[in-house]
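One chain, chain A, appears in both complexes that follow, with chain B as partner in the first and chain C in the second.
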Partner chain A sequence: MSTRKPYVRPMTGWWLKNPVYILYILRESTAVFVGIYAVILLVGLIRLSSGEAAWNNWLAAMQNPGAVLFHIVALCAAVYHAITWFSVAPKVMPPVWINNEKVPVEKIVTGQYILAGIIYLVLLGLILWG
Partner chain B sequence: MSKRSNEPIVWSLFGAGGVVVAFSMPVFILITGIAVPLGIVSEDVISYERLAGFAGSWFGKLFLLVIISLPLWQSVHRIFLSLHDFGITGGEIFFRVVLYGAALWGTLLPLFLLVGM
Partner chain C sequence: MTSNDKIIEIEVLRYRPEQDEKPFLQSFKVPFTDDQSVLQGVQYIKDYLDGSLSFRWSCRMAICGSCSMMINGVPKLSCKTFLREYYPGKITLEALKHFPIEKDLIIDLSDFINKLESIKPYIIPAAPRTLEQGEYLQTPRQLDRIAQFSSCINCMLCYAACPQYGLKPDYLGPAAITLLHRYNEDNRDSAKAERMQLLNAHEGVWACTLVGYCSEVCPKEVDPAAAINRNKINSTMDYFLRFIAPRGGN
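Up next is the complex of A and B:
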């Protein structure tokens, strides 16, 4: 067995060294909140399938101050996910051509914001008054 | 036959999940996690009767499956790719099984529940 102990540059806290890295870590961290919220919805579905009493327990659990605080942070995370997703999307998808002209990246980003706004309003309308 | 990567499948689920999260999740978090619990919006909008009725329709089943399962795939894939950034460099197979296994469970369980509702 080798007794050699090569020097390995420590990488702890590397992402604190540049604002761009912090934003990157922030973006990746949104996945944790997205995952937890999806599990909360899944638990809700399990409760819903067990009957009305179980569903009402789930609704009551959502009123816990800790739960509300989590959802406020999760809302920020979901919105930040959306912002970063819209700005990356034109870079990973094939170029869009209209009248033999490539649609500029900024227009695709703006288009997604408009589409998201419409979908949010439609969803809210259907949930609140549907 | 050469060994094929399962990356395209996982990436497609990640991509679809990212779209679902970006275009719908803020509204669901706002309603279920903030507006209803704080009493800003009546509890009736997500009452048992209304949601059980929704889950009883085929459109409702598909809708609920999509908003639960796809965000999970998006989440686990992103967490898996970020492990390295937090200094976790080993146990790739372990993390693949745990994370993608969780997303698969979070797809099959709602599917099973919804079909029976």
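Up next is the complex of A and C:
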């Protein structure tokens, strides 16, 4: 007779048991803040289309300390998400070959920061002088 | 053992199916020298302190993939991890996470073996060559596409690192998908269409949420997270391409 009795360990609270999992949950939860921010922005667009008074009300609401605080938190969440995304992007894309040599992961990651920097500078330029 | 030996405390999660309802921690004091691995510490326990302790091991040189265990909560090869790294703290050992414990540090790995078999981890050529025709040739560049992914030693550390596998045991998992990728990308193989069905399934690549820990714990730098996530693109292409390039009823 078999005396086998394999023991299956429970998964409860798994994400608290390793710092890697905590950072993963943190990364995934940034989506909540980015999602709320997108909704706020959409409401702003609707307000803009409903006339000057509505738009000004929305602008005033955005100056509420709670709204300012939320935007700071949402910005931090988006920046953290971008950093984690830049670091995993080389895993998601097919390997890049230049002159018969595989482009190292570090160069791809750095390249994304440079590209993001250029885009932000162009956007800033357009806003300030466009 | 000499008088210069240091003593380290090793706690082991024991589970004896005939006697125990659930696992419990048992502590041992193990003398060691700086060149001794955690595996050697466990072997010391079995040889001198408690002969009933059960664990798997074979090569002692990080190539057979047998001695995987959780070392202070991190999946590691115990032959490649040294006792000195933890001294003067203590070490807690546990069977690989996310697998059923058979006894002490031994897991039931049949689920992994079945998944490994299911991906057909061997070359399936379009037209088999006869002995007279010679071997299947491959250029260094073609080899380079798969070399990294073929270094897997089936140690299952990536499964112990993957919470999605722990939560959804049906998930094909990091090593099996990586080996699937390795054969799909091999220019000598032509069974891609067959293997894509496993990848496209809900239990295939789409069960992965890119926690990325599998690649961090891999002792052979195989980077399973890369293999899995590149196949999310392949799986998507496979889905959409069927509309413009039907496979003639395959």
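Heads up, the rule we're going with is that the second predicted complex is superposed on the first by the 117 of 130 C-alpha atoms of A that agree within 3 Å, B and C clash if a C-alpha of one lies under 4 Å from a C-alpha of the other, contacts with A are read in each partner's own complex, and residues count from 1 in each chain.
Here is the rule we go by: a contact is a pair of C-beta atoms (placed from the backbone, for glycine too) under 8 Å apart; a residue touches a chain by one contact, two chains touch by 3 or more.
None of these values were measured; they are calculated from a predicted model.
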Exercise. Figure out whether A:Ala31 sits in contact with chain B (first) or chain C (second), or with both, or with neither.
Key: first
Practice problem: Figure out whether A:Leu48 sits in contact with chain B (first) or chain C (second), or with both, or with neither. | Solution: first
Quiz item: Does chain A have more residues touched by chain B or by chain C?
Solution: B
Practice problem: Please indicate which partner A:Lys91 is in contact with in the superposed arrangement: first for chain B, second for chain C, both, or neither. | Solution: second
Quiz item: Which of the two partners, first being chain B and second being chain C, lies in contact with A:Val20: first, second, both, or neither?
Solution: second
Quiz item: With the two structures laid over each other on chain A, which partner does A:Thr3 touch: chain B (first), chain C (second), both, or neither?
Solution: second
Exercise. State whether A:Met11 touches chain B only (first), chain C only (second), both chains, or neither.
Key: both
Quiz item: Given the touch rule stated above, what does A:Gly66 touch, chain B (first), chain C (second), both, or neither?
Solution: neither
Quiz item: Where on chain A do the contacts with chain B and the contacts with chain C coincide?
Solution: 11, 15, 28
Quiz item: Residues of chain C touching chain A in their complex?
Solution: 15, 17-18, 22-23, 73-74, 97-98, 100-102, 108, 141, 144-145, 163, 166-167, 209-213, 215-216, 223, 225-226, 229-230, 232-233
Quiz item: chain B touches which residues of chain A in the complex?
Solution: 11-12, 15, 25, 28, 30-32, 34-35, 37-42, 44-46, 48-49, 51-52, 55-56, 59, 62-63, 67-68, 70-72, 74-75, 78-79, 81-82, 85-86, 112, 115-116, 119-120, 123-124, 127-128
Practice problem: Under the touch definition given earlier, write down the residues of chain B that touch chain A in their complex. | Solution: 18-19, 21-34, 36-38, 41, 43, 45-46, 48, 51-52, 55, 64, 67-69, 71-72, 74-76, 78-79, 81-82, 85, 87, 106, 109-110, 113-114, 116-117
Self-check item: Footprint of chain C on chain A - complex, ascending
Solution: 3-9, 11, 14-15, 17-18, 20-21, 24, 28, 88, 90-95, 100, 102
